[in-house]
Amino acid sequence: MAQLSLRNIRKSFKSVQVLHGIDLDINEREFVVFVGPSGCGKSTLLRLIAGLDPITEGEFHLNGRLMNGVAPSRRGIAMVFQSYALYPHMDVYENMAFGARLMGLTPQEVEARIAEAARMLQLTPLLKRRPRELSGGQRQRVAIGRALVRKPDLFLLDEPLSNLDAALRSEVRLEIARLHQQLGATMIYVTHDQVEAMTLADRIVVMNQGRIEQVGSPRELYERPANTFVATFIGSPRMTLIPVTHAGEQLTLEGAGSVAPGQLPASPDGRLTLGVRPDALAITRATDGDEGFAASVIYTEYLGDNAYVYARLGDGTQVSVRTGPDVQFAADEAVTVSVRPGGAHFFSAEDGKRLVA
Amino acid sequence: MPKLRMTGRGLWITLLIVPPMAFVALFIVYPILLAFAYAFFDWQGLRRGDFVWLENFHTVLFVEPYRSWTLNAFKNNVIVFFALMVLQNGLGFLLAYALWREMPGARFHRIAVFLPVVLSTIIVAYLFKLFYHPLFGVINISLRSIGMGWLAQPWLGQGNTALWGLIAAQAWHMVGFPTLVFLAGMQRIPGEILDAVRMETESEWVKITKIVWPLVAPSATIVFTLLFVGAFNWFELPYIMAGLDGSPFGSTDVLGLYFYRTAFGNVSAGQQDFGLGSALAVLIFIFIAIFATTLTIRLRRREIQL
Amino acid sequence: MSTASATASRKAMTYGDRPGMLASLGRDGLLQIILIANTIIMLAPIVIMVFSAFKTTPQIFQAPFSIPDFTQVGNFIKIWNETNFLRYLLNSFFVTGASMVLILTLGTMAAYAIGRYAFTGSSFILMFFLAGLTLPLKLAIIPLFMLMRDLGILNNQLSLIFVYTAMGLPTTVFIMTGFIRSLPNELEDAARMDGASEARIMWAIMLPLVRPAMVIAGIQNVVPIWNDFFFPLVFIQNDNLKTLPQGLTTFMGEYTTDWGVLFSGLTLSAAPIVIIYIVLSKQFIAGMTSGAVK
Amino acid sequence: QELSFWSWRQEDRAAYEQFIDTFEAANPGITVNFQTFEAANYNTILSTALAGGTGPDVMMVRAYGGLENVASAGYLEPLSTETIPALADFAAPALAAESVRSDGTLYAVPFASQTQLVIYNKAIFDANGIEEPQTWEELKALSQKLKDAGVIPFANGTATAWQNETVTFGLGSSLMGKDFYEGLMSGDADFTDERFTNAIGEVAALAADYFPDGFIGLDYPSAQQLFSSGMAAMFVGGSYELATFRSQNPSIELGMFAAPGATAEDDKLVGLYFDGGYAANAAGANKEASIKFLNYLASLEFGQAFANTLNNISTVPGVTFDNPLLAEVAELNQSSIPYLMLAHFRYGEPSGSVLIQGEMQKLFAGQTTPEAIGEALTTGLSAWYEPFKN
Amino acid sequence: MAQLSLRNIRKSFKSVQVLHGIDLDINEREFVVFVGPSGCGKSTLLRLIAGLDPITEGEFHLNGRLMNGVAPSRRGIAMVFQSYALYPHMDVYENMAFGARLMGLTPQEVEARIAEAARMLQLTPLLKRRPRELSGGQRQRVAIGRALVRKPDLFLLDEPLSNLDAALRSEVRLEIARLHQQLGATMIYVTHDQVEAMTLADRIVVMNQGRIEQVGSPRELYERPANTFVATFIGSPRMTLIPVTHAGEQLTLEGAGSVAPGQLPASPDGRLTLGVRPDALAITRATDGDEGFAASVIYTEYLGDNAYVYARLGDGTQVSVRTGPDVQFAADEAVTVSVRPGGAHFFSAEDGKRLVA
């Protein structure tokens, strides 16, 4: 129920500029995820939206109203913090009631909203506990509950799962997805974790060093990354980038052979960066005359439902290849790595921009 | 429970704990116990007389004029405690809150607020005596100069202002201590919790009362307990500013002065009576010990709830 | 560890740093005014004291606020000539210093044992120290005097050092136990895995982390010890062993009506500790407030 | 032999060093080590040291009740004319002040008497054409005149508790009169007596009009300062103030008078008391030398030096006063009553001094009446003062 | 280079028993991972091995020597803590030197070892920094470095990656694997995270409530879990457990149809639990007469290289099915879920033990 528009947002702390002009529109009911490496400005941007820090330059409109300078509590926004930031001296009920009461709701209404949130998040039996008596997942739910009872138009979540263990993380992730569907509120979610980003987002915003690298649906980002940064950031294990030279249909890697992955883009000086994801590579024991790059196996990671083979190409580039779980290679075994048709991405060797074939 | 083994860990703990305990035992507990024993004897000046059981206690609690002196001093201590609670700790909290915001000049203010704490009580007492001087005191001069001369008072000469004058001086002297302890406590509050509150309200009052105050509980424990003990052991400042008699007419008398005067006499009292003095000291001790312990335990419990 | 404090103070800074809303300006302005007013109130008496030290008594009475002629140092000269000022000062430094070393050492030892180890009687021991906090030691002056006599340290600064140490321990243990308790166990375990003995764990790993608590405890004790004149009065008769407050009170007894001399005496006795405080204020306050370290 | 000698007279240190030099010169082999302590804590320190067995060989002790504390515990060496022959000639009240009442044993050589009277600034009196007053009315009139001239009539303040007693008896002794004193002593009168209550009422009225503004908040040193700086004309105080004023303001010209009674015919009485004495430690190691030293302290030679150097009224008989002021005090002493509370009512708790000090502070603050004070004193003292117990 | 044997190890805190008899042998150079839900006793067991807590009952031998009661520092063991437990007041160099010096090494030797460890962990430029000036991954490396310089026979690592963000986590994981190969020391590693367990372990020890559920190689655990606990704990998304009745070749789920996944184990009362991993299930749009269970789609999680479809079976059991990235189902769409041949696990309906066909 909230529509955001950020126009050329800049943020400086003292003399250090941290955000260098962010332009972004977020639609109603959208679930937007900010990803990017540590320190790229995700939290900063979120805090600007929340109003916790002042915007240095640019305009932020929420539902058409200019928000610069409006107090955080008047923006109709709720935020879930990375460390949950529960009030340690209040029990779960009080934690949730605190903000609701401050909104001027009647006690009955407060009670009703908490009951509803608690039911939705299965917190009802825990209402009398204090935060320190809760497990990580429960705390997480309380933090969400606290946001819920305020019935905000916009939810901001800053790495809400990063303090949870892996098992809990996937559980709570599902819960958040379900919540978004139920509430229909706009959500902005910050994470480091691509799985979270991929599974939760309607649209992902990839940030790097205070700039937006690409905005798009998970599928867009995965299938058509705008540059090498996005390409390697999205997908795990990461996409392998191979600097190749380009002659006709053939892409050649110095000392490792060549491949012909189909239609190629134009490149002025014959140099390009070839990007391939682990699932777009195939690996075979080396036999003479194979089409593909020669490589030697580093080691194999068994994951149950499949395995990843890590191998080193002639020039030292390390590639990761997804294989079935039963494939076994010895370390240092010579192999040939080939690109499955349609699995190749091409980027400019100069600026890393995507090249279209 | 396992016995304390005199090897390894047990030995090490013993090693840590014994020297400090020995110091306290030898230089505080042992002499104090001896002195407490005085309370059970009749004294003629400096000569110890018969063992009189609880008679001295009875005297200071129930026999006039001691009874009303005791009550008066105790009442004054209670006033001092509550007044300092507000003036010293309350102001300390407020100042800590202001300093915490790191506004321009905060560093300077922080040094200033703590500066008086390092001054000696003598200095503070003399300074404030001068300030309260009815003729040349800064306060009266200022009042007169802004045309409010009718407010000028002989501050330390009136029963209803003298004690407050001392309290103000004490608060000035010591306000830096709670300030810095609270400040340390506030800086331990995680930034995200503050952000969380800001998402919910703009009201400074709500933030302070509902969040900051509960979260500085550990600081409050230290500050409250020390203030309690300090207020009921108050001696130096009233001694220097108002004299051993609690001048005027006992309105600044506190238990510390009263017990000291009773035990050691003063120029005007002539008599000194260790029996009564010790009885008073024992009573003061028991009172402080019981209340301070209760207070500490309660406050610690509050902390533990965090 | 201290990233927590860094974050906290960073947050604290941004906390007030909001754009020009009237309300927010008004509130911060109010706080700023409170701070400035407070600072004036805190400093004015001290300034007046220093000013008065350069005035004659009539000048003090007639113009308590006026800026004096700072070349008029007669009061100081009087003190300098008629007392053993330097000797008193050194004695004070020695007594205070030695007492603080003992207090912090012993206090930390006890607090460490109580705070770090679970053993039978630990809470009793804590109560024992707490009780020491509440005892009116002045009452015990006669037994204490006899004790010092029997120990043969009357007229010896050891008597002062011992009494101050014993008096300072309860507060120190009280303040430090809580801090020491809150230190993370994993550090201790890590050091144990590294092969450190219990003593070394305490010395090399834990103690550096409780410095803020030591600062708080130190402040709580150093000031009364530096300023005490009651015990020296009773225990010390040799003029060469007197401490500054004792020496000056004896001296100022002769000048009760000469406020000028009085104030210069007060100024002189306050000066060392004030100067030390101002010089060290950075570490001092940092040490104190980095209690933020978790 | 080395004698230790303790005193609370920090301000007299130099003079004592001089006396001691004289003594040491005459008694080779004995050295005296003079130590002074802060007056307010002297009691505590002395008690502690005596109880701890490390008391000094010779010490200054207070008179009256203060002496009894120490003496009755057996810490002091009893003195007699056998050990100190010079004592035979001392005035009886002086010796009584240094004796324990129950058996009359003497424990100290009295050193000075003090007189409570009114000291005034001659220059101010002259400038305003004022003479020493003969009646209470005259005192009020001249005060008014001074006040009109912009001079503070009396410098006194009563924030320091014991000053109340000084003011009361320094001003009120003549109003109370010798009859009252004698009646009180014989048990015929108590403090509810009109002669007493009227007197303190007058004193309070005078104070209200002619003491400095806010005098109830004025402490002792400031009051001294007011007078010695010439801002005030009169100071109700003891003869011990003379030296102080002179040292504070060497150019000041002092005069003194006994506060007058209601009529010119009434005796003009000063309050007289004995300050303290020199005593020897009963457990001292150098008793013989101590006695020798006490003998010196009781000698005319010392008394004269004491009077000359310290400007105090020595109790040693035969001392002459070169200083005209002292001579005048000695003159006024001829007509005196004892300084009441100190001489007679400091032998139990609550002491008369404590009571009168607190009560007068209340009276000055307008919180009680003279009659109520009389009542309070009498009932308060009846706790231990036999004649009032009925 | 350390060989451990734990015999019937029990541990109680006050009256609460936390470990109920652990028997375990660990070989030289082995990389053993302890996994299990929170509170199952992993850390406790590690601390017993380290000597940080005393063993209540049972015997622990290290290289044949009885270790009960031997001080931690004399066991030749190094430990990396979850919170790193770096000494905050010492710089990186000092952190590493502290333990080394305590071993009585000469200053030269200490210096040499630190230089080597720093090189190996790429810490050389950071030696003068304090822990708070380091990023999470760097701190992690320092913690490992501190263990390294002591050249221990046995490394214990307690959830060393749980404080790192996802990107760093996989990077450091690789580093640890490499380190194990280089050093050849025995390592015991505690984690919540199955990916870590699967990729790092020679053998995984699955614990639950103070007992060992199964010990085996990742492949063993994944392919032949000893019971339903291990089966659901290992593998992500988790294995779906379906309670079925058994008649002939057919396994029937009440109200959802039946499947015939091949050879079946004997079950006395005809009830058993069928376990199937997401990759062993196939999903098709429902058409009448399909072989398989009827289900309705809850939602689809797109992960780039593949997707997971979550669906609900007739009895409410939720299944997850791995599909290709391009498969798209609408929510609530009716589908048929079938089991791929060889993909079924069978467990006793009573005690959850694995049943062999």
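Read from first to last, the chains carry the letters A, B, C, D and E; within each, the first residue is number 1.
Heads up, the rule we're going with is that contacts are C-beta pairs under 8 Å (C-beta built on N, C-alpha and C of every residue); 3 or more make two chains touch, one makes a residue touch a chain.
Remember, predicted model here, so these are calculated numbers, not experimental data.
Each chain gets a centre from the mean of its Cα atoms; the one farthest from the centre of chain E is D. Just to note, of B-C and C-E, the chains joined by more C-beta pairs in contact are B-C. Distance between chain C and chain E, defined via averaged C-alpha coordinates, is recorded as 54 Å. Chain A and chain D have CA centres that are 92 Å apart. Work out the mean CA point of chain A and of chain E, and you get 24 Å between them.
Rounded to whole angstrom, the centroid-to-centroid distance between chain A and chain B, based on C-alpha atoms, equals 57 Å.
In chain D, the residues that reach two or more other chains under the touch definition are 39, 44, 47, 51.
Residue positions 52, 71 of chain A each touch two or more of the other chains. In chain C, the residues that reach two or more other chains under the touch definition are 61, 142, 249, 259. Against chain E, the residues of chain A that register as touching in their complex are 37-38, 135, 162, 165-167, 170, 177, 192-195, 198-199, 218-219, 222, 234-237, 277-279, 299, 301-306, 322, 325. Here chain A touches chain B in the complex through residues 47, 50-52, 71-74, 77-79, 81-83, 85, 87-89, 98-99, 102, 130, 132, 146, 150, going by the rule given at the top.
By the touch criterion given at the top, residues 190, 192-193, 195-196, 198-203, 206, 210-211, 214-215, 217, 305-306 of chain B touch chain A in their complex.
Interface of chain C with chain E (complex): residues 1-3, 6, 184, 186-187, 189-196, 200, 204-205, 208-209, 293. Chain contact summary for the complex, chain B toward chain D: residues 44-47, 64-66, 129, 132-136, 140, 152-159, 242-245, 247-250, 262, 264-273, 276.
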